[in-house]
Each structure stands twice: as C-alpha cells, then as structure tokens.
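Across the two complexes that follow, chain A remains constant while its partner is chain B and subsequently chain C.
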Partner chain A sequence: MSNLMDNRKGRQHLLMGNEAIARGALEAGVKVAAGYPGTPSSEIVESLSRVAKEANMYVEWSANEKVAMEVAAAASFAGLRSMCTMKQNGVNVASDFLLHLAGSGTRAGMVIVPCDDPGALSSINEGESRYFARLVEIPLIEPGDFQEAKDMTKWAYELSEEIRNVVMLRSVTRMSHASGNVRFDTLPRDNVKAMFKFDGFILDQMEGLVISAPVDYKHAQQQEKIKKAREIFEECPFNTYTGPDRPELLVITSSACNLYAKEAIEILGLEDRVGLLKLGTTWPLPPNLMKKYLSMTDRVMVIEEVLPFLEENVKVIAAEMASDIGIKRFYGKNDATLPMVGELNPDIVVSGMSRVMGIDYKPVPDDYAQKAQLYATTKSPNRELTFCPGCPHRASFWSIHNAIELDGRKGFVCGDIGCYTMALLPCGFSTLKTVHAMGSGTGLASGFGKLGQFGFDQPVLAVSGDSTFFHTTIPALINAIHNRSNLTLVVLDNSGTAMTGFQPHPGLEKNAMGEEVPAIDIAGVCRAMGARVEVRDPFDLEETRNTLNELMEDEKGVKVLVLRQMCALSPEKKAKKRYEMSIDEEICIGENCGCDRVCTRVFRCPGLVWDKERKVTRIDEVICTGCGVCADICPAGAIKRKEV
Partner chain B sequence: MAGKRLSKDPYNLIITGVGGQGNVMASRVLANMLVNKGFYVTIGETFGASQRGGSVMSHLRISSKTSWSPQIPAGSADVVVALEPIESIRVLKDYGNPGIKILSNTRPIQPVGVIAGDLEYPGLDEIKGIAREMASDAWFVDATDKAMELGNPILGNVIMLGALAGIGVLPLDKQGFKKVISSTVAKDRLDINLKAYDIGVGMV
Partner chain C sequence: MKIYGSKELVEDVISRDMCIGCGACNFLCPYFRPYRGKVAMLFPCDLDKGRCWAYCPKAEVDLEELSKIFYGKAYEGDPLGSYEEIRISRAGPRMMAKGDFQAGGTVSSIVSLALKKGYISSAVLTDRKGILPVPRIVTRPEEVLECSTSKYTAAPTLSAFNQAVKDGYRNIGVVGTPCQVLAVAQMRTNPMEDEGFEDPTGLVLGLFCTWALDYRAFEEFITSRVDVSSIRKVDIPPPPAEIMEVYTDGGAKMEIPLDEVRKLVPETCTYCTDMTSEFADISVGVLEGRPDMNTLIIRTQRGKDIVDEAIKEGYLVVEEMPKKNLEHLRWAAGNKKKRALVKARDAGIVNTSDGKRSLLRLAPKTLEAIIA
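Right after this comes the complex of A and B.
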C-alpha cells in the first residue's frame, strides 16, 4: 500500500512516522538513501527502496551504520541530497565518521535520522542520539507529530544547505512506528548530475577538499554554522506555543512527548493555566525565543525522553539570562517529577503534571481497577517470548547447550544481536551469558580466549547472525585469528536480517532494490582469514553437537561453525513442510520421560502441545512447520516424522 | 466534515491479539476507512520482539479535531476489539473502565506456557462472564470459525471489522470498507473480503 509517490498536492494519507519521513525526503528530492536495519528505523529505507526506481533514487542497506553514513555523505559531496538512517545505537557505530563529517561539512543537503527506542521496546539499551548532535556540534531537530515528520524532513534539507553541514533529525519508536494523517506537498521534478568537484581553492568546502583539517580553521567555521542554525531556529515555524499569555506553568517539550503533554493538559483541564512550548529545534536552542517564553512564568516543566538533555540545555540558557528573566523553578527529570528511565506516556506525564499543579487525578474507580488487575493477572496467562515454530535457532541452541554440558568444562557463549539474543531466555535454554553491541560477542570471546596464561581453562564460544557477521563481527574475528585466541564462533546463518523483517545483507544475492548482486560467502571469508571452518545443518542435531564438541576440544586457535538453515518465517520456507509429524501415543511416556516431558517442558516448540487429560504430547498441525527436529529430541522415540 | 459525529472525541479503540494474527493490517484498514471520512486518526503499535508469540496491541485515537498521542491514557479505552479472547481481559488492567465495550473473537490461541502445561487457560464461559462484568457491553463472535468456513482464518479480521461496524459505535459503512480493501488486497480476493465483512455485520 504505497501512497508515497502520490503527487497530488494537499492529499491526505495515513502514514507511519517512518513513511512520513521517507515522504519528506522524497519531497526534498533525495537521491541517495542508505542505512542499516534496526527497529524502530527500518521502514524509512524500506519504503524508499520500494519507490527507488520510480523516484530515480539509489537506496541501499549498507554493511553497517558507519558505512551507510559514508555512502550517504559521498552523495552529498557529489551534489546529491542524501539521507542516512539507523537505530539509536547505530549512531555510536557511525560516530567516528560523523565527528569528521561535521568538521568537513557537507555540500548538497544531508540528513541523518536516528530513531531512538525509549523504554527499549525492541532493543537492549535505551541510548540517546541527541547528545551526539551536541557532542559533534550539528543542528538537532525533532518532529512533534506525523505531519511534522514529513514537513521537518523536507525542511531539514534547506537547513543543511543553508549552513552546509549535516543535520540530525531524531525520531523515537512512538513517532516512527505510530501512524497519523499527513497532508502531501508535490514531488520535485529535477535532473541533477552527480559530480565531485575538487580542484577549487583548497579550503573551499564546495569545490576544494572535503576534510576536517586544518582543525582550528575548520572547527571555527563549524561553530559559525551552528550560530547560523541558531539564528534560523529563532524564526522556525516548528517551534510553537499554545496556552495563556501568563501561564502558571510553562511546559517545554519535543517529539512524541509533545503528544503526551498535549494530552495531559487536556485530561487535567489545564488549558487556561498551563502553556505548552513545543520545540522542533532542540539544539542549539534559540536564545531570544527561549527568553520570550521563559519570561512568561516562574515555573517550568520539561518533558522529554529519556535523559534530561533538553532540561539541561534550557537550564543553561535560563542561567545565562537570569538577570533579565528572574530565577525559575524547574520540574523534570532531575527532581524526579518524571522518571529518568524508560519511555513516557500520557499517564506518566499526567501524574507528574498533576503533582506539580496540585491536582488529584484518578482515571477509574479503585474497585474497578483492583478487579481488572486481578483478572489480568489470574485469567490472562502470560505470553512468553519464544522462537517461532520450526526456528533454526531453537535447534542450534539445543545443540550448543548440550555440547557445552557434555564437554563439562564450564564452557559458555558470548551472545550477539538479533532474534537469537532471545537465547538469553529459557526458549534458547538460557545459553547466552553476555550480550552487548553488534559484533561484541566475538570481540569478548577473543579476549576470553587469551586468558589461558592466567589459568583460565573454560571453552569459549561466541554466536553471530549472518547480518551481524558482516556488520562488525569480521574485525573481531580478524583480531582473534591474528592474536591466536582460542575460541569457537558459531555463525547462525538464516539467510536474512530476520529480526527486523528480512532486509537483504551482503551474504545474499539481492539488494534493497531487488537487483542481482554478488553474495559474499561467510565460510569462504573465514577460511581465507585462516580459521578452521565447518558448515552444518542445525536441524541435524547429532552432527551439529558432535562437530561442536570436536571444535571445542581443538585448542589451536579460532574455529568457525556455520550453521546454515533458513529462517522459519522466510517466504520460501513458509511455503512447504519438509515432514509430516505425528506422536506414537503408545511410546510417549510423558511425565516419566527423560527429565519429565522433555519436548514440551524444555524444548518447548509451540508446535508441541501437552495434553493434560491424556498425559501425552500432541502435534498442533496448524502451528508445526514440519522441521522434524523434535523427533530427535524425544528420548523414547515417540515423535515420528514422515517425509512429504 | 458535516454530519459525521463521534460519541466522544477522541474516540479510543484498541485492537488486540497475538503476533501473526494480522492486527496491524486490521488497524490500518479501519484507520483508513476513518481517514477517508475526514477524521484524524493516530495509530500506536508495538512491533519487533513482541511479534514473536507475544501479545500485540494497536491503539486507535479517532478525532475530528487533531492528532492525539499514539498511546491511549490509562482507563480511557472506549471499545476493545479482541482477535483473541484472553487478550480482551489483559487489556482491561491498563485501559478498562466501567463504560468500555468489548467485541471479541472466540477462538483461543494458547500461550506457550499453556501449551507446555505450566499455565491455565480459562474456559470461554468464564471469559465471557468477566467481560460482561467489566464492560458495559460485550459481544462474542466466532470470527475465526466462520473465516475457516470461507477458506482462510486470516479473514477473521475482516469479519471482526464487519462486526465492529455492526455494533454501530463508529461511522463505518460497507462502501468505505470496499474503497480501502480494494487498494489493499489482490483483485480476486475482493469478493471474499466483502463477503466476510457482511458476515461480520450480521453476527452482532
């Protein structure tokens, strides 16, 4: 349902925040977009890749965020508007380049879009990208609703070209993944030719060198750009105020928190007492504008996610102006009016605001709330996270877990980022013992594997998904091989970036735009680097476990086991069942088997159902994908598979 | 936007179910039907990890004035459309209130904990009892069963949308459904979708 290329001005469409950002980029005539998939950012590049041909764009999923930003910057240097997207922690990956890019400046408009995940709804961190804007001294803007997600993206390109530097447009999960009405403008019809000019005056950013040195000159120039941005922000239409002329409380907010604040004011009926200053431009803050609104009242509440970034910046400005505007009383994160951890929502804001304003608010009668709570906890059984039926990871971790147990030397696995991170949980037999950034599993294993001289004698394993392998596992693996670290890396190759919705990666033969591209062979790369490499099918449990035990016993350096089996959700896989499964009820010994119902209690594939009445296991035909793996885990041999 | 009124503004609707049930598609179709009628609609959704067997919820805020927060405030849902019966009960804890209406599918999808024999799944009569006690109105429809008769369980969503139109809490009509669904599904699937919608309308 792509409306993204609708060229009728004034038409309204329901767009997801990420689609609105993509549309804004299209209206700005963006020619190149690159990113690395990560929730909640992925739909921006995804939507653009779908219309790439029609819009005459080049769109790619890059190997990692740093490369994505470099690819987008190259376009800017060659005179094409470009965009680069990533989830919050991707900014950390790209930040080395970003620091230098902010110093060299850009040519054609360039916008980077980090999508933060307050509350870590789909992350294992709730990192902040906003601080990077301040750190590397580039303008930061934040849309406060869906219309603004489109309009501000488009505007960001004008800003970028006005100051000749990269602009950060920051989104959050509740903006990127929520949908709302968006009124369209027209799409440009331009025909720009890409050309990288380099023989102008050496210090001329537009025609000379693109470089962040000489540092004193370029850094000073960069700060002039920021000053110019601040002036532009004074008049920016995306900074708005609603409320009385002399409010009792001034609320300052941005992004999705704007919607929560608006809602809280309405719920508490405070329209005549509280003023709402919604900022679209959050760094650097425009001083005159801030002065105007800070002068209205003595009490100020800052509502934002996650850390008190805006709060700190407002306080600095208020301190500088204190002699003119008087001393303010601040409410926000630092004084615990709002929590400093997790995402906000209308209720958290209501509770903070009602305390500040001295209002009592209760949404539902106590007895109703108590009953609802009771029913929810006793009558709606929890839905624990688990791998899909037929997921190769369940089989892989079953074997890894068993190989480590059998080995008996207290071996452990350093985890990594992807669906398989869930192997921290019982669904992956609690196999992972560390999880950090992309590629860190192998980096940590490389370190653990060098501790032998201190008496360390545990086998060290790491896992990496295929997409993660290309992202940042490769340098860690090179490090481990070169330094003769002793470890076993298991590459869980399920042919796609499954977690975020099957974006292509360098190991596959199709790119983001559906073109044929050369696939890079993971096993071949590892072999070329000098590792001992084995390739197995994780659905073959015995082979996999034996190989793992053999590799763990081989103490000469780096061993790589590539476990290759397609993700159960991949379209090709969903189409056909490999086996028809059944249970021989005569043989199934249920509660007396192994360690009591191994299949439903421990292996726990959702395709296996424990029949309480009859005390045997059943196969749910609808859910079972026919991978056949459970036949090999039943110690009694009760689970039968028949080839189809 | 003459003549189109909401019983409450914003009107808050939750579509709840389990990952893979087509929750997102249902909320998009419904929201587009309302946007086409000139309303502002905000949808809040949970994606990602929660799709792997977890509960999935979409919040719809429908207004004739402006875009509201993608998260419904505590205790403020006006109607819950549950694609799976226990999900309606789960929702009450955060969003329920004595005036809420519940429209629920009857076909359970058992959590892994239940499948594995560790947790209990309540009987349908018990669920109905709780719904009638906690809501001002409750309707239970055999949407999945009917959809399977039509040849595809995913049509259960469309039957639920039809039933939602049938209970008359929102300005929804078949023309509006037809317009949106024609641009969503393949041409040869149009008739069966329209049929499912009608069945839904007739079930409440």
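Right after this comes the complex of A and C.
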C-alpha cells in the first residue's frame, strides 16, 4: 500500500513536496486529476495515478496542459473536486482556457498546480506562473514547507468552493522535489455522483450555463470573488510572522524562499533584529494584514525567486497606505539586493541580507572559494550532458547530421522539447539550431518552408518527440501541409514521455492508471493529413540516412519520417541486450589516419571508452546496452556485435 | 614535402570550391563522403596530417617529384606528358562481338582483357544511375561493358577505389580522369610513409579530359529540358561538332550547343593542367574526325604489356597516329596546360613560398617555358 493512502490521523510520513500536494488532494476528496508531464510537476499526477483505484479517482496524462485543465474543469462543473498539474510553461499552453475558466467560475473545488523551475534546472526557460494568477484574477497560494504543501492543498478546495472559482497553488523545484515530514489527516469517505446541471437560470453559475459571458456581469462577479478571497486571506493561518515586535528589517517571503530566509536569519544571528513575514497567500495580498506588519518598521526586504512579483505587489499596497504607514525603504530585486535570474539558495539570501543589515559576512572564505574553483576546473572530470548509452536519439541525430552535411545546402533542424533538445549540444552533434516551446519546431519549420519566394533554398527539418507530437506538433503540421510548406519532420518515437520519467501518452496502449486504451498511430495520423510518411528504425543508420536525403530532396510539400526505437531506459527494454559488443584491438585504428577515434571522440556513446594507455577503444560492459549501432560507425570493423 | 590534414583540405580545396569530387579523400576514414557530385566532411578530424590531403589532386601536387618517381626524370612540361608510344586504336574483333561502345571501345577492351588475363583482380569503373555517375568495383569482364558509356559529370570514382583497397583488393585496375589519375599517382608514392605499404594498382588507365560538369548544376540544367529517367546515353562527339547529344527512350536525340553546357563547368577544372592523364599507364581519348577510333598513349611498361596482350588476343586493333592528329592533340593539351598555369600563377597558388600552400609545384624554369 502506498503511504499516500494511510488513513491514520496524525501519522507522519517523509514525503516529497509533490507527494504532499497529492496527499492534500486525497484528503480533500479529489476525484479527477489531469496533467501533462513536466519537471518539476510530474510526481503529483504520478502519485495519484498509483492510488487512483483505491481512492476511486480518475487520473489521466492528457495530450497537453490545456486539455488537462479542461478535463479537470469538466469534473468541477459536474460536481467533483479536481486538480490539474503542469510545469511553469504549461500554464502558458493552458492560459487561454484558464482566462475563460476564471471568467465562468467553477462549481466543485478546482485547484491548478503549476510547479515553477527557477534556475531552469530542467527547463529552457524560467517562466513565472504567478503572474497568470494576477492576470486572470484568481487567488494564488504558495506553500512554504512540506506540511503546508499538503495542508494548503486541502485548504485550497475550501477556498475554491467558497468563492466558486479556480485556485492556483504554485510550487517550485525545491518545494516539489525536496522531502520533509508530513503529518496526515484522514481521508474522506463520501461518494459523490457526478452530474452536470444546466437547466437553471442562465446566470446561475451552479445550475445554469458555465460561460464567461455576459462579460460585464461575469467579470464584475469574478472581481467580487477575488475580493472575497482577499478577506479570507486576512485570517489565513498560512500567513505567519516570527520575530520581534519592532524589527529593524521586515522580510517578506513565500514558498521555498521561506526556508532560505529562515536559515539566513539564523546564520547571521538576526533573530532579534529581523522579522519574517511568510505569506501563504501571495495574490491578492490581504491589506489589513500587510498594514499590520508594514507598520512595524521602515525597512522591508522581499525575498522571492526570479521576477519581483511579490515585491511589486507589496510596493503597490505600501504606496496605497503610505499616508498611514509612512514611507518604506525596499530591498529586493529592483535594487539588485537579490538577483532577478536563477534560483536562490541560503548563500545568496545570506549575502543579500548581510548587506542590507550592514554585516560583514562572507558565506565562503576567499581562499576556500579560489581553491574550490581551481579544483572544480582542473581536478574534476569534464562531464557534459549527454544521451544515455543505447539512446536512439544519438543514432537518429547521427543520421540527421550526416544527411544534412551530405546534402550540402545548409539544411538545418528546428528543435523541440524532450531529451532530444540536447541535440543542441555535441552529444547530438550540434544538430538543432532553434528550440522554443512544445511543438514550435514544426511551427517554425512551417514558416521557414514558405520562404522560397524570397530566395530561401535551405532544406528545412524539424524534430518532435512522440509525446510532443500529440501535445502541439499536430496543429503546426496541419498548418504546414495545408499551406504547402516544404519541410521534413522527423518524429523521434521512443514510445513514451521519456524525459520526464516515461509517462504514457496517446500513442501507447496503456494509460496513466494502467488501463488498456487505444493507441493513436503517428504515421497513420500524418498520412491521413496528406504528408508523405516513411517509418524507419534509427538503429539502421544507412537506411535512415538514405531516407532522410531522399525526403530532403523531395521538395513537394511536407514529409514525415517516423524513427521508431524504444528508449533505452524504457521498462520493456532496460537491461535487455540485443548484442554482446566487443572490440578487436588488432584492427582498431584508434588515433591514426583513417579513424581518429570516431567512436569515442565524435559518436561518444558513454558505453565506449578510450583506453589512453593501450590506444584502443574498450566497451564498458556495465553500461553498454548492446544496441549495436557503434559497430556501424567503426571504419575498421573493429567493433564486433554478437547476437545475444 | 610537408603533408597537411583535413583542416587544410577543407580550407584550401572544399571551401574554395576547388574540389572536383574525384573521390580520393572518400572512405579513407569516417569523415569524407561523396554525395551527388559533392564531397562533404561529416565531422572534423583533428589530425595534423592525413591521406586525404596527401592524395588530393588539388592540394600541393609536386609534379617534379611525381615525374621523378614514375618516369625517373624531371617534369618537362610536355603537353602530353611522358610516354612510350602514341597510337590510335579500337576494340578488336573478339571484343566487338560483345556490344556497343562509345567511340572506339578501347577502354572497355583493355579492361576486359586485363581482367580476363589476370593482370588485374578487379577494376574500379564508373557506372551510372540515371545521369548520376556511380563508382563501381567489377571483377568479371562481362561487367565492364555495363559501365562503358561516357559520363560528362565529375564522379567520385576513387571512393570505390579506396573501398576496394580497404576490402583487401590488390592489383586493382582503375579507370579515371586526369585528376583521378593524379590522385592515384600521389597515393602510389606512399606519401604518409606507412610501413608495409604496397602499391595496390595493377593498371591505371587514364582518360582524356578537357573538363567535367558539376553534377548538381548539370542535373538542374538537364531536368529543365528533358525527363531524366528517359535518358539512355549522353555523348559529346569529337570536335568540330560542338554539341552535346542526349539520347532518350524511343530513339529521340536532343542536341545542346556545347557553349551552353560549358557554363556548368566548375571553376576548378580551369586550373587543371593535364588533359591526357599524364601519370597513367595508358591514356585513352577520342580521335578528332574519327568517331570509331580512340587515341591511345602508352606511358609505361606495364601499360605496354597489357596493350600488346590485347592486340595478340584480338581485343584491340591499333594503327599509326596520323601526324596531323598528333599535332592537334599536342596543341590542345598544351593550350590547356598553359591556360591553367597562367591562371594559377595569377591566383598565386603555384610554387608558393614562405609556408604558403600551393595547388601545384614544378621547376620555375619549366613553368616559365610553358606559359611563355
């Protein structure tokens, strides 16, 4: 039995922040959860999917975040509590629906959980979801520790039902992925029947139509809801203050920064001089509560990650009540006390706070820092981001790269989001030249492919993973086909949403809950749209490369090459070797003319190791997955494969 | 002579459009590959020197050294190079029975005989797929005729030669254009001083060539005029015809003025000093005014032995070269040599000094004499 279903009140479990959020949802009696995988959010839906049967829930990985939010909203409209999760930029995808949902309002409690990634540890952006709450006028709450992650999630449902609108609970990487002790409440037993009511008065949100129009009426009603939320926030137990009654400095913070701020105050020994206002409800700010604490001192430091969202909101409220509370001196992002890029950590916060407080503090002594820098750059092995041993992407990009080089017309690839984004780097032979949002590779290619009338004559390629294909590549592909663009889309189909932990997607026969579901055939979809479609195994380098060159030379419209080979880490494939690999050291050319270590210098599968002393390549049998591809790149035939 | 590597090859030859796509650097390593008339370097190689550079006929060709090695004398700048005999020839009665040839069929006859009699184990020839020349290794005399027709676009024939060597073939016969023959000559001198090197050639048969066409440019040119899949044969009859003939399915013939076609000649051919494959064992070309005969230049003992055998076996018929034809051939070849050397000198890529790399090297006196 999963810890998450432990129904003994008061029991404590060590939970990851995302698991704590999932437990909060379970304690709130959530019936439907949907999301799109994305670090650092994925474990919420994953945890719920594991207990879905036991908790009588419906849990799905949706095709994209917008659909996930729609699926969750439908449950709310039918009277079931629901949750929707995504990473920060997923909110952008869902935001059109979110704007309208915030306008129409919800029925049963609905909570959306974006998990932001300050510092872009697993992203190519550090987008902010908090601004969306202000933009679409819905309440924003942020847990400041793991217990709160659970408790605030549960509370968010009460709030949502109180104001009859969706609530945003925002997490960040260090909240979602770190772990802490969480004390449990009980799980509810109620059984709710789902029913969508629509026969009531047209403007009755609970029994009439669920729409955001008439806009003047609905928008005004929505703003009443946000006022009500503000009133509730005045008394919210998740806004806490610790410190002296008349602090020299008031620190205002939220989320994981609460932990950094606490640590900084302790390290600097400022418990008696600095007050810490930890806000759980960060938008809209409750004015009376803010007035109370802002009145304590004239100096205010706001500690938050990335953009000065909280800082700006605090400044607005301070300006509005300036005649009562006096003029404040602010420290935060705008005066560069803290950086506006990247995630914070206790060191950064300590150094900011020590400057504000005039304390001479060096988190790390200079000579230690210099030594550390020296050792880090000279003594530690250089470890680049790379594809796993046996990863089909390495083989795919080998062929794509070579096809483009042979073609010789300066072709290029528009990249997309997945493990294969790393093909920007040498591990993917620096093949990708653009990477933006999910599905944008194909959209950009569609545009590039229409520039022929302006003398543009470079072959245009795009790549898309299988999950990305369903997410947002399809509309871009439709656009390209309909508008007679000229491009080659390579679908890197590795049978799963590999980068985020192998979640299922619409192309597979099992869903999030392990049920049998119909798989959507990517090649079939593309054919039906009218593209020329080929399917190949990327481990067949010659055939893949030949096909790519042929497709690039076919300048009549949209061509799709589906490269199908399962991820080396997929549960079905892991630890199963197709070939036993070995090296014939006698014929290995090594560093000499005729090879120059193509396998360990260029191809660079981690399973191939250059033996500096003996000047030959070795196979690292522990990590080699036996895909056999390297045998085909060896110019001497020194890499041997034997069928297992 | 200092040997450079792939970096310099890319710098001097490929990125300056000096590459003719002969195939000499292809398949020696995992990096240089031919594709549709062009050579691509797939990944950078970081070695300072390599066979790619050493074999390339467009990078630091030392004519003095080659002449010394192959003919035991200085490079004299003779328009036709060094040779033993010049004759005119055509396929003999035993070969004639076997099929249809372009011009006199001398090349096919000699290669067939050499294979049959074991002078060579295999032959690297140039077949075609549509209008794309495709290098091919053949081992049986019957296969020779499949590659017999002339190709007018540059071909990476030596990529197949390199593969044949790698596959362990020795005594390889190779039929190539002057640039290809030059590359093979450099290769035969073992410029990298590899231990255990042995000359893998059994016969080098050079073709006459005034220029070749850029494949991609020609493909674009011809596809706008004719359905490529219907092309049976392309021919440029000997002067003074001044046309290219394109034969298509159903016996139709299209004539294209040679002036239009010449626009598709890559710049690199204008730097070529060699019309008659001066470092081959045997060189073969068309004969002006006699579409049924070839010009045959025998340059080495190895070449002479095979020609004699071919005559004896009824594979080849030879006659004396008319004086007028010989004079005209010398005049044409001399012109090509002179034009190319003037151009190279003006471009500052012949006999360079101060560590600057050259296209060609030859004795300054000889250079002066040729371009005078």
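Assorted remarks:
To be clear about the criterion, the second predicted complex is superposed on the first by the 629 of 644 C-alpha atoms of A that agree within 3 Å, B and C clash if a C-alpha of one lies under 4 Å from a C-alpha of the other, contacts with A are read in each partner's own complex, and residues count from 1 in each chain.
Here is the rule we use: a contact is a pair of C-beta atoms (placed from the backbone, for glycine too) under 8 Å apart; a residue touches a chain by one contact, two chains touch by 3 or more.
Quantities reported herein were computed from a predicted structural model and do not represent experimental measurements.
Superposition note: with chain A as the common reference, chain B and chain C can be accommodated side by side. By the touch criterion defined above, A:185 reaches neither chain B nor chain C.
Ranked by how many residues of chain A each touches, chain B and chain C are led by B.
Once the two complexes are overlaid on the shared chain, A:271 sits clear of chain B and of chain C alike.
In the superposition on chain A, contact is made by A:384 with chain B only, not with chain C.
By the document's definition of touching, of the two partners only chain C reaches A:596; chain B does not. Put simply, chain B and chain C get as close as 13 Å, counting only Cα atoms, in the superposed view.
Shared contact residues of chain A with chain B and chain C: 601. Considering their complex, residues 401-402, 405-408, 429, 549, 591-596, 598, 601-602, 633, 635 of chain A touch chain C.
Interface residues of chain A, counted against chain B in their complex, comprise 1, 12-14, 39-40, 121-122, 145-147, 174, 177-181, 256, 259-260, 262-263, 267, 345-347, 350, 363-365, 368-369, 371-373, 375-377, 379-388, 419, 422, 427, 499-500, 597, 600-601, 604, 606, 608-610, 612, 620.
Residues 28-31, 33, 35-36, 38, 40-43, 45-47, 49-51, 192 of chain C touch chain A in their complex.
Residues 18, 28, 31-32, 35, 40-50, 52-55, 67-76, 86-87, 89-90, 92-93, 96-98, 110-122, 126-127, 130, 133-134, 183-184 of chain B are the ones touching chain A in the complex.
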